[in-house]
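Please find one structure pasted underneath; my questions will follow.
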Amino acid sequence: MTESQNIEQLLFVAFGIVAAGGALFAVATRSLLRSIIALGAFLTAVAGEFYLLAADFLAVVQIFVYVGGIVVLMLFALMLSASGVRHPMAAIDRPALGAALSYVIGAGVLWGSLTTDLPSVGAGTDDAVDALGRALLGSQLWSFELIGVILLASVITALVIVRRERR
Amino acid sequence: MEMSLPLTFAAGLLWGAAAFTIVGALTAGLVLAERKVSARIQGRVGPMHTGPHGALQTIADMIKLVMKEDVRPARADATAFRLGPLLVAVPAILSLAVIPFGAPLVMRDLNVGVLYFLAIPGVTVIGLLLAGWASYDNYSFLGGLRSSAQFISYEIPRSLTVVTVVMLAGSLSTVDVLDAQATVPYAVLLPFSFFLYCVTSLAEINRLPFDMPEAESELVAGYHTEYSGFRWALFFLAEYAGFFAAAAFGAVLFLGGGNGPLLPPIVWLAVKTAALLFIGMWIRFTLPRFRADQLMRLAWKVFLPASLANLVLAALIMRALGS
Amino acid sequence: MSGAYLSDVLFLLGFALAVVTIPLVTLAAFGWLRPRYPEVLKAEAYESGMPQASIPRRPFHMAYYNFALVFIVFEVETLLLFAVAPILRDAGWLGLAEVGAFVALVALSLFYAWRKGALVWR
Amino acid sequence: MTTAAVTLSSVLFAIGVFGVLTRRNAISLLVSVEIMMNAAIINLVAFSRLYEPEAMTGQVFALFGIGIAACEAAIGLALVLAVYRRFGSTDVDTIDLLKG
């Protein structure tokens, strides 16, 4: 292994530890606010993993949509409903069952992926931005247009849900 | 030109420290400049006592700020209260990493530089919401909600406007965008984009006439009502870092950044950035403030449709140039 | 090879580390210079000199959420436009038409939200 | 690298499952679902580098996944707020209209 591969591996593991730690904190903490902040840390670490995996565009999209969008949306929902203030929530319900089931599922997924023979390192592309754009307008055009339709549908759905309650 | 990896990391550290220092110094300079410009426009003289013509006033202010007591409301959420200002200030400075200051002074030429610049400040919204919520104060809470609603509303038309530049330049790298303007700056080719960029940027960085969060008469000081001393200074730093970054980025995207005859690139960039900054200050002290509902209506019912139309216009310009 | 990606990450990591550390160090370093006179009244929330009339932990009106909701949808659409924008110059009229269809969908969502009155601040 | 990515993704998925099974607040449920979603997206990106990197299939799907996650969050949180206004709580166990 070369020096750069060593550093890459090290960084990948470091980001992975931050991501797993953030995720664990997010599902285990009692405070909803802290859970959402931990989710933000988790998502940022995952963006770092994307960048290392030769997906720089996706890494920035991850920051843009997840950290700057979904986390903000969750904070809005938390603050507008003052969730967990009037009704302090029990942090964790049925932890033993949850833990057992998630171990089983996690182990199953892990076993399945590790027993499959995988090439260790792929080539990746030098210019992910360019290739992604070409794919979106070329072979993957349907997904480009479809996501537009889905987004339109979700605007309609969400607004209908919000509107109905106003009466 | 390719550096070894540990060296790259060290370069990152150094540039980060440099960026923070530069932003600190710029804030001092900009605050003074702003006070002098506003005094000029309003027929006053501005700060005069500390140093010649008040030149040292902001230095004195900065020393005062780091030495002030750090007060926190008793019922505030301590962690979120501490995290808020950091999450506002850090992204504002991080976004500077992709601005090409001129040939030897490119901090980092990312493949996705333009998008990086737009994405990182988005994290600021989390800081605003946290600061407002953690303070346990009605003014802060409302101010935090309002500023973040404003920020996200103007982020869309602003990003859509930058798409037109990317279309013409054919790249998301800031250096490539600069090179594409070697002959004609995009302000000439895309005047409407330039206009939209300037106006939406002013709104996004919460400056007058779009400065809802600091509408003193109704919200006191918005999300930073409860902050004092250095933590308050971080909000202040972030505001001016954002102002500077938006101006410098505008100069790179639309005015050809460091491109220009005779003088070195860094001087050209400084001149163009300073011009945009001056216009920003001029507007601040000339126009009255918008109301919250007018602000949101403008974002969604004027600027967003306008930026969509601008997209079509830019596509036509692109085709016309391509042939 | 992913050399460029790796060095980008290292650079940004260093940059972020410096930018986060400096304010924290400054805050800690000047700690001993800062006065500390805790008082009960000083730690009260500011409400123009009055005792706090209501706590800021109550359900708040939903107009904010409407905007956040429309925002996130448009954000994804903007990012998709960013993904195709760099190659649009060489994509010809066909590519332009494909993106045009997408922009039409964006405009349609805006039109719907507008008609439904989601863009009204109340 | 791929093994590391797959391992990480499995661990994150398990953490997400744990959250979904144990949390009762609707917003927490969404947090957990987003964690699972991200675990899946990591796999997509990792495999995009392995097989036909020029075709970008994996990354396009990852982009698709992020878009879907955004829609899901928007609609999910709209539901959360609707439930909140109806029942005065975001705890999923309080939604018991069927019990009459």
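Note that the chains take the letters A, B, C and D in the order they are written out, and that residue 1 is the start of every chain.
In the analysis below, contacts are C-beta pairs under 8 Å (C-beta built on N, C-alpha and C of every residue); 3 or more make two chains touch, one makes a residue touch a chain.
Owing to the predicted nature of the structure, the values given are computational and were not obtained by experimental measurement.
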| item | value |
| --- | --- |
| Core chain by centroid distance, with centroids computed from Cα atoms only | C |
| For chain B paired with chain D, centre-to-centre distance based on mean C-alpha positions, whole Å | 33 |
| Approximate Å spacing (C-alpha centroids) for the pair chain A, chain D | 7 |
| Distance from the mean Cα position of chain C to that of chain B, given in whole angstrom | 13 |
| Averaged-CA centre spacing for the pair chain C and chain A, given as whole angstrom | 17 |
| Residue numbers of chain D (touch at least two other chains) | 63, 66-67, 70-71, 73-74, 77-78, 81, 84-85 |
| Contacts with two or more other chains, residues of chain C listed in rising order | 3-4, 6, 8, 10, 13, 57, 59-60, 62, 64-65, 68-73, 75-76, 79-80, 83, 85-88, 99, 106 |
| Shared-contact residues (touching 2 or more other chains) in chain B | 5, 110-111, 115, 133, 141, 145, 152, 155, 171-172 |
| Pairwise chain contacts, counting only pairs that touch as defined | A-B, A-C, A-D, B-C, C-D |
| Touching residues (chain side chain B, partner chain C) in the complex | 2-3, 5, 8-17, 19-20, 66-75, 86, 89-90, 93-94, 97, 107-108, 110-111, 114-115, 133, 135-142, 145, 149, 152-153, 155-156, 159-160, 163, 166-172, 220, 225-226, 229-231, 234, 292-293, 296-297, 300-301, 304-305, 308, 311-312, 315, 318-319, 322 |
| Chain C-touching residues of chain D, taken from the complex the two chains share | 63, 66-67, 70-71, 73-74, 77-78, 81, 84-85 |
| Complex contact set, residues of chain B against chain A | 5, 77, 79-80, 83, 110-112, 115-116, 118-120, 122-123, 125-126, 129-130, 133, 141, 145, 148, 152, 155, 171-172 |
| Complex interface listing, chain A residues touching chain D | 8-9, 12-13, 16, 19-20, 23-24, 26-27, 32, 35-36, 39, 42-43, 46, 49-50, 53-55, 57-58, 61-62, 65-66, 69-70, 73-74, 76-78, 80-81, 83-84, 86-87, 89-95, 97-99, 101-103, 105-107, 109-110, 113-114, 118-125, 128, 131-132, 134-136, 139-140, 143, 146-147, 150-151, 153-155, 157-159, 161-162, 164-165 |
| Contact set on chain C toward chain B in their complex | 3-4, 6-8, 10-20, 22-24, 26-27, 30, 33-37, 40, 42-48, 52-57, 60, 64, 67-68, 70-71, 74-75, 78-79, 81-82, 85-90, 93, 96, 99-100, 103, 106-107, 110, 114, 119-122 |
